[in-house]
Amino acid sequence: MAMTAQITAPSFAAKNMTRIHIERAVLTVLAAASGVAVLTTIGIVLSVLYESLLFFSEVPFWHFLFGTTWAPTGNPPSFGILPLLGGTLLITVIAIVVAGPLGLFSAIYLAEYATPKVRAVAKPLLEMLAGIPTVVLGFFAALTVAPLIRSLGTSAGLDVASESALAAGLVMGMMIVPLISSLSDDIINAVPQSLRDGSYAMGATKSETVKKVVLPAALPGIVSAFILAISRAIGETMIVVMAAGLAANLTFNPFAAVTTVTVQIATLLVGDQEFDSAKTLSAFALGLVLFCVTLALNYVALRTVRKYREQYE
Amino acid sequence: MNDMTVKTIYTPEPPRALQAKPPKITAQDVNVYYGDKHAIKGLSITIPDKAVSAFIGPSGCGKSTFLRCINRMNDTIAGCRVTGKITVDGYDIHDRDLDVVQLRARVGMVFQKPNPFPKSIFENVAYGPRIHGLSKDKTDLERIVVESLKKAGLFEEVKDRLAAPGTGLSGGQQQRLCIARAIAVNPEIILMDEPCSALDPIATARIEELIHELKQNYCIVIVTHSMQQAARVSDLTAFFHLGNLIEVGDTDVMFTSPQDKKTQDYITGRFG
Amino acid sequence: MNNASLIKKRYAAERRFRAFGFGAIVVTAAFLAFLLFDLVSKAIPAIIVNEAMLSIQVDPELVDKANPVAGDYLGMTKKALAQHFPDMSSRADRKALNGLLSAGAADVLQSRVLADPSLIGQSITVPVALNSNADLFLRGMDDGQLSDKQKELLGAMTEKGLIIKGFAWNFLLNGDSREPELAGIKGALIGSVFTILVTLSLALPLGVAAALYLEEFAVKNWITDAIEININNLAAVPSIIFGLLGLAVFLNVFGIPRSTPLVGGLVLSLLVLPTIIIASRAAIKSVPPSIKEAALGVGASHVQAVFHHVLPLAVPGILTGTILGVARALGETAPLLMIGMIAFIVDVPHGLTDAATVLPVQVYLWSDLPEAAFQSRTAAAIILLLIVLFAFNALAIYLRKRFERRW
């Protein structure tokens, strides 16, 4: 054979050390990059926790957690978080009452009923709504929706504040519709077709199949979608900063003005900050509460969704 | 009609099963299209009542597609079009006045993969009677559920855990649960789409036994990949190939002396 | 069989259910339509404005040919306007008349003369900006800031054909201002560009590197599991929390200058990093393993196989995800409020460490101002912001369609 010994076989023992060193360095860089996300979380926890501890050295923890008056600039100042939690809760409830049915029903319609043409129009519309910055929605809430609700309410003989919780909650609800809708749409589509077939073969109508088979099967996923939506509503800032106002009222009247945790954080930290005063530090304590609550909600929701997906894979 | 249409051979002509039993389902010149694909080509057949008819043939031959025509499950597939006439008890199932929901209540179906709803065993069986309003009260509903489970031969195994989730049963039990679910609405016809393909031999034997019992009261149509199964359970066998119905005949005759060359090749295992 | 009334009821329920579903979509679409319509109709007054078209004598007495920048252009403009009303001679009358003009009334005149000094001594016809109260009045909205005399004067100017409608170049070419008719978006726009550049140049490489590591190289163990959970949760942390991080760490600990695109971009890059990692991982995952295996089969190392074959094929997906992440950063407001990007800044920023603001924060700032004219400026800024965002999204959709691959 004339071809033999044209190529000398490389020795398996002789490693290309340069390449191995370079690749090891590349891997180290890549691993470090994935650590940045972890560092971010640690940074958030440490910075928020540190300033919060400074705050709690001045204001007792129990006063903060169970106080019913929020007046950081009062004399003497008072840092009771309950009115803020109440306001956040009120607006979140309004938002979910608006977004829940709208988001879920539009997801059901898109997943089960819509023709491809309707989907091709409706999906981009929802994505468009999802892409609108919240500062824009806040402007709309404050300058268009709030006056509208006020004049409607006044003509119905109601006493409506110019910065009513209802206006902020309504617009926040519309902001959340795409979130609930797209998450639920995915979840509903993940329900195996065989379950639907089983139901249709029994002579069930489409809505019976959706209500009695598809939705119960998708329930864990849909609940998680709602939890994520709640977490999003609690953490939303601009809509409430612009439309909900600063009055720390502990009320469940949707026509009254309330304030939220995020509004107070933003207000306390815009302008002059004094890191030695309880007023500025209280924003970090509020941030700690916000971070813990949303993290807990997100964690539960994401874990449930993950389990749900594994079930049908 | 269609130049691709193949004339169906009867073995014998006419088959004994069709003489002995009244016809339940008839199909005349049925064509099915999935978009551009011509899945069933001018098929005509008569299926007897209170007997088991088996559809056999290689994958993609159209046997499952035709099965899904009988309870109009193909309606749920986008882009699927059915022409021709199919009757149940002489009534055209594509008639404009016919309610597909009621058709499916009369024509039950069992699927290839067991698909119990993610609910309790009881709720799985009670689903049909509930939506169709078949029970007068709670005790009546319980009676229907127990009876259906008994008919499906599952009751003894699950009587102590009717509230347990249906998805927790073994594969064979799940499939019998699906059969119980189908018979709970008191259908006249049960369509079975390869009901044993996902089951082990012991569970398969159990289902076959059940099919044998059920044929006293129901018209059963079964699609199967297994020639042995068709030979064991069916009275009438229909052989499909590439969307054509090649040969229909009494099972015993067809498996011993098929007329068509393709049927012969398939039965003797030369392709499939 | 079944009784007919039950069937009827079941079908009624079916129709009702379907109608609810369709209704939900209609309500959402109607909200979106109402929102956009409301914004556009509010924005129009800021984009198309009333101006006075005046023939102005460029008086050599008032402009020094050697140093044309220092000329008294406003004086010339006032004089030209007064010529149309010869009987308005008292001090009060003059004041009323001049009060109709914007502080920037002579801007166009000045730029024409600066561009062509030979105009000095000649007479030219230029558009002259009116002040926002006058502009509003000409649209039929009286904000109560004009005297009766001034309203009469505006009527007379309209009759004389001096008033024209013009495109408000001010809005695109100026920085911020206390005068609504002079306030422009340029500063915020440039600020946004700088900020996004910082965000992109940090988040894209970090995000892709992290995604490559987690998807291709990381050993599956509790640490990578924790990193993954951490990333997913970080993506859902409220944006305002990132503002707190920026304030406490970047400003207070690292001492990065406040209000700058640098710190804004840093904060936003951390904010969008999880989004980019998640999108990049999905893109990398969608490349079939057979391609990598083919490379490994001819003797490439794992790193070579990934960088030569997997990464290039994942680029369109990564870009799509990155563009959507950047679009989100571009519309983000809350965290930037915490790090001082909210100041009133007239100058257009020239670098990463100049004080600046960004488009959405500008929207927030203007929305808070009492003047009615700022409302339309806000709406116009929003329209600009939305156009930019929709352009980004359209680009992402185009990329997805163009490079969509079915394996």
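Letters A, B and C name the chains as they come in the text, with residue numbers starting at 1 for each one.
In this text, a contact is a pair of C-beta atoms (placed from the backbone, for glycine too) under 8 Å apart; a residue touches a chain by one contact, two chains touch by 3 or more.
Here the structure is a predicted model, which is why all the values come from computation and not from measurement.
I want to compare two interfaces, A-C and A-B. Which one has more contacting C-beta pairs?
A-C
Find me the chain with the mean Cα position closest to the mean of all the protein Cα atoms on display.
A
Centroid of chain B to centroid of chain C, CA atoms only: how many Å?
The computed centroid separation for chain B versus chain C comes out at 62 Å.
Cα centroid separation between chain A and chain C, in whole Å?
About 23 Å, centre to centre.
With chain centres taken as the means of their Cα atoms, state the distance from chain A to chain B in Å.
Chain A and chain B have C-alpha centres separated by 48 Å.
At which residue positions does chain A touch at least two other chains?
Each of 205, 208 in chain A touches at least two other chains.
Scan chain B for residues touching two or more other chains and write them down.
Within chain B, residues 101-102, 105-106, 131-132 contact more than one other chain.
Two-or-more-chain contact residues of chain C, please, as numbers and ranges.
Answer for chain C, listing residues that touch two or more other chains: 10.
Which residues of chain A touch chain C once you look at their complex with the stated criterion?
Against chain C, chain A makes touches at 19, 23, 26-27, 29-31, 33-38, 40-41, 43-44, 47-48, 50-51, 101-106, 108-110, 112-113, 118, 122, 125-129, 131-140, 142-144, 174, 177-178, 181, 205-208, 210-211, 228, 231-232, 234-238, 241-242, 262, 265-266, 269-270, 273, 275, 283-284, 287, 290-291, 294-295, 298-299, 302.
Which residues of chain C touch chain B in their complex?
Residues in contact with chain B: 1-3, 6-7, 10.
What residues of chain A sit close enough to touch chain B in their complex?
116, 192, 194-205, 208, 212-213, 216-217
In their complex, what parts of chain C are in touch with chain A?
So the residues of chain C touching chain A come out as 10-11, 13-14, 16-18, 20-25, 27-29, 31-32, 35, 38-39, 42, 205-207, 209-210, 212-214, 217-218, 226-227, 229-234, 236-245, 247-249, 252, 270, 273-274, 277, 301-303, 327, 330-334, 337-338, 342, 360-361, 363-364, 367, 375, 378-379, 382, 385-386, 389-390, 393.
State the interface residues of chain B toward chain A in the complex, per the touch definition above.
71, 73, 76, 78, 101-106, 108-109, 111, 113, 115-119, 127-128, 131-132, 178, 181-182, 185, 191
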